[in-house]
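The structure appears below as structure tokens.
The chains carry the letters A, B and C, assigned in the order they are written, with residues numbered from 1 in each.
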Amino acid sequence: MTASSFKGLWIALFFVLLATLPLWISDGYYVNIASQILIWAVAAMGLNLIVGYAGLVSLGHAALFAISGYAVGIAMSAGFGHLAAALLGIGISILTAAIFGALSLRSTGIGFLMITLAIGQILWGIAYRWVSLTNGDNGVSISSRPAPFGFNIEDATPFYIFTLMIFALALASTALLVFSPLGAAIRGIRDEPRRMDALGYNVWLTRFSVFVMSGFWTSIAGLLFLYYNGFVSPQVLTVQSSAEILLMVLSGGSATLFGPLVGSTIIVLMKNVASSFVERWSLVLGLIFVLIIIFIPEGIVPGLVSSGRKAVQLYKRRRPPASTGADL
Amino acid sequence: MWFILTVNSITLGGLLFLLSAGFSLIFGLMRIPNLTHGSFFMLGGYLGVTYLNCGMNFWVAALLAALTMAVIGGLVERLLLRPLAGNAMQQVLLTLGLSFIIADLSLTIWTGDPVRVPTPGGLEGTADFLSLHFPIYRLAVVGIAVTIAVGLWLLIDKTRLGAMIRAGVDDAPMARVVGIPVSALFSLVFALGAALAGFAGLIGGPYLSIYPGLDSEMLPLALIVVILGGINSLLGALVGSIIIGFLFNFGQVLFPNLAYMILFLPMLIVLLFRPQGLFGRNA
Amino acid sequence: MTKMLSRRAFLQGSALAGAAISADLSFAPAIAQTGAIRIGLLTIKSGPLAQAGLQVDQGLTAFLKEKASTINGRKVDIIVADTGGTPAGARSKAQELVEREKVDLILGPVTATEMLAISDYIRRARIPIITLGGAEDLTQRHLNPWLIRTCPSSAQTCHPMADFSAKELGFKRMATISDDFAFGHEQVGGFLRVFEDNGGKIVRKLWPPLITPDYTPYIAQIQNVDGVFMGFTGSNPVKFMRAYSELGVKKDIPLVGGWTTGDDALLKSLGDEALGVQTASIYTASLPNDSNKRFVAAVLKDYENLPGAYAAWAYVTLLCLEAALKTTGGDVSDKQVLIDALRGVSLQDSPCGNFHFDKYGNIVGDVFIRRIDRKDGKLVNTIVKTYPNVSQFWTYPEDQFLAQPVYSRDFPPAKNLEN
């Protein structure tokens, strides 16, 4: 069995496990937790495109997360149906991501970070203050979830399956991007921008395209968030929220396919489940990040992969080697 | 009213400079985005108040708070940050994680009630002149800010230690070859940055009081000052602080509808046209 | 299962300074009438809003210690859920409490935005909730039949404050300054309405953002008025009053405020700058009835601080539950009966004095106007006047009140603003 088909088997097994989750976790509450993990995983996968693969840290992605939710919520209050509102919301998100990207890419590094932070804060301010549009700090709500292709997703399990499908789509799309020429280009630009430029790549356009894709998936996650909770409020747009998504990417392992899912799992579980057992869960979460940095600074997924490799090597070396005389 | 706003712009600028000097130092010299900076500020404030409650004089408490934060900062740099050498994302993850820890620990130790910091003796009261009625302490804060700015500038630009630090920043391998203990100096710089933050925390106490959430309120302000003022320039940080003081005071009055964006909007505009800030050299 | 529950035991989590807990929190599952009553607590234990959660703990602990964790012969289990102060967190935790922990009723959440986020869920789950969030419409135009509120609606205490300002303080021209969010808007709206209905004029409305490092630019705009109404929350009153006093405005223009600005628990964070400030609240630590004296003494002993409004309302909520259970004979299994019993509660001897609930589930009680004075070296709230039996509608007829839009930033419209 080759290495890649071995990997393929693991991934297939993984998805089978995920898809059958509602069967072996019968508690609706935990199925909902799983949905939340997937929603934030999609958001983190979106952010990962720009942070991990393009090497540009953004602290404003929460705004992109929220804008689709707000657009859909406002559209539905104005009388649009689910499908029309969703399409409108996605359209607005893509447009916003394009503007956002165009502005932020005037700079790189800390400049990029600060521009994304500033835009995020400005959008938050608008959500808070433009009460006639956004209902201020009380947020926008919707009364029902959509029924994609006629399936009812009001209950925990159907909603989970719906979210899982979107997650799978996001994962597949990310994988396609990463293994495509565009993916190679953006990684090249991340590591050696000047060289890539000299080679004739359009650095700005490549980064811009990746940014828009990144914004797209993050806002899809935001849409799922609206459907799951039934509301969206300015709290979702804060710097803290952007930082949380970033932490999911970094702790799981940036520039990996499954890192965002791992990061999302850690944070969502800590906030929702561990917080029931550990009063100072915020402290523990901080400790987890520090420990990750100390022991597996690349993030959990790369850390696991390299431990896995080491384990395989150790296993292969168990047969005693031919004597070399060197250890006498 | 405009007079009081002008004076307050300068004094708020002074406070902002004290807040951001440490961040500017660490980011300017070591290129580390220290997102724990707000937490250092808040922790320094809380520690300072604890020292005050032990009966110490205000200024002694402030210096002691600075010293405590220097030790903490030095340890953080030496043990946690140094292995990350240059990897900005890991530095972000680490410093954010630390800020969670400090915030929650502070809540556990000092609870969530806001802590009142009494104005130090001798600086209470108001200055009354030219129709102005302004607290003396706030004026004193400007004096402190300028003193520290000058002190830092002298340290970095005019002393041998400063020269060694600058050498280490410009070309670390060569500096090491010449015998300069670059790593130790970097720990020193980080400790100094943390100390400045902690000192500012108590100095800002009579102005802001100390409460949970202070860390996340102050961090964006420090970032804005440093960006507007230019990353490599302490002078820039001082001027940037005062500009922000003016923006804040006059902006809130003239454009109340933009109150939420009064600082971020100008910062965005500056960044779009001059990504290195107003005073920074080209990256 | 029992091990999991024990780690979440309420009293084990709170920091009691060596106080012997006479309560025995046994974790028998909730079987019929004889098992423990399970109360889900939606609170905030981390982040900037944690102080409210800590105060709620104080109130609950005081009650549980006094009554040995027993209400009407049944043990009380409090299952703590930290929402983190976010609406999404509140929704997640509410679901956990209802579906996993199968609580009998919910206490909390602490903020209005969280309550609004879970209101629909509570309606579907058909479970009684006693909230501490002030949003007006929860007991007005978007009534939730499963909700009662032991804290006042946002404007409930501001109406009498305005009345007092106009009639007793004789203010004619005032400015308002408040945090720029729904709670602040509703407070100012209520104040403005009553103040102007009594012949006063609000000539300036100021709305600093919730996070404002320096209030000076706002204070600089306050001139030529008889008084200022402030509607700050959290630690903002501390920052504001300090700056207001230091900039010299306080000696000419007195301050009045809603309940959050003069809360008894906040007094220890204030200094001379707060002297003379008058605020209106449904709870005041200086109320001299027996129940309150016991309550204040208990909190002082364990926490070395006066109880604030959140602590008082948590305590009062459990008093209400106790009274309600007398009516239902200790039964909590029929939720409709329970919520009806809760709504029917009317108490005389409580830390808040007399109170009952109106037909919308909102508390109707005495509002105390109190002034911050210094006594024996400490700041205290001295009761200056009591308005008895104040409802959320003040003296306005219900239908008229409800026919108008909810208080907001622009409603009632401020017709007397000057520049």
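Keep this in mind: a residue touches a chain if its C-beta (ideal position, glycine included) is under 8 Å from a C-beta of that chain, and two chains touch if they have at least 3 such contacts.
Quick caveat: nothing in here was measured; it's all calculated off a predicted structure.
Enquirer: On the document's contact criterion, could you list the chains that touch chain B and likewise touch chain C?
Expert: Where chain B and chain C share a partner, that partner set is A.
Enquirer: For the pairs A-B and A-C, output the one whose chains share more C-beta pairs in contact.
Expert: A-B
Enquirer: Counting in whole Å, what is the centre-to-centre distance of chain A and chain C, each centre being its mean C-alpha position?
Expert: 38
Enquirer: Report the inter-chain centroid distance for chain A and chain B in whole angstrom, where each centroid is the mean of the CA atoms.
Expert: One centre to the other, that is 32 Å.
Enquirer: Which chain C residues touch at least two other chains?
Expert: Only 46-47, 180, 209 qualify.
Enquirer: Residues of chain B that touch two or more other chains: which are they?
Expert: Expected reply: 103-104, 216, 259-260.
Enquirer: Residues of chain A touching 2+ other chains?
Expert: 128-129, 280, 282
Enquirer: So in the complex, the part of chain A that touches chain B is made up of which residues?
Expert: 51, 57, 103, 106-107, 109-111, 113-115, 117-119, 121-122, 124-126, 128-129, 239-240, 243, 246-247, 250-251, 254, 280, 282-283, 285-290, 292-294, 297
Enquirer: Would you pull the chain C residues touching chain B in the complex into a rising list?
Expert: 46-48, 50-52, 54, 180, 206-209, 211, 213-214, 216-218, 220-221, 223, 234-235, 238-239, 242, 246-248, 265-266, 268-271, 305
Enquirer: Mind listing the chain B positions that touch chain C in their complex?
Expert: 1, 4-5, 8, 12, 103-104, 107, 111-116, 118, 126, 133-135, 137-138, 206-209, 211-213, 216-218, 221, 248-250, 252-253, 256, 259-260
Enquirer: Which residues of chain C touch chain A once you look at their complex with the stated criterion?
Expert: Touch list, chain C to chain A: 4, 7-8, 13, 45-47, 80-82, 84, 86-89, 91-93, 95-96, 99-100, 112-113, 116-117, 120, 135, 180-182, 209, 408-409.
Enquirer: What residues on chain A touch chain C, complex-wise?
Expert: Checking each residue of chain A against chain C gives 27-29, 32-33, 36, 128-129, 131, 136-139, 141, 143, 225, 229-231, 233, 235-236, 271-272, 275-277, 279-282.
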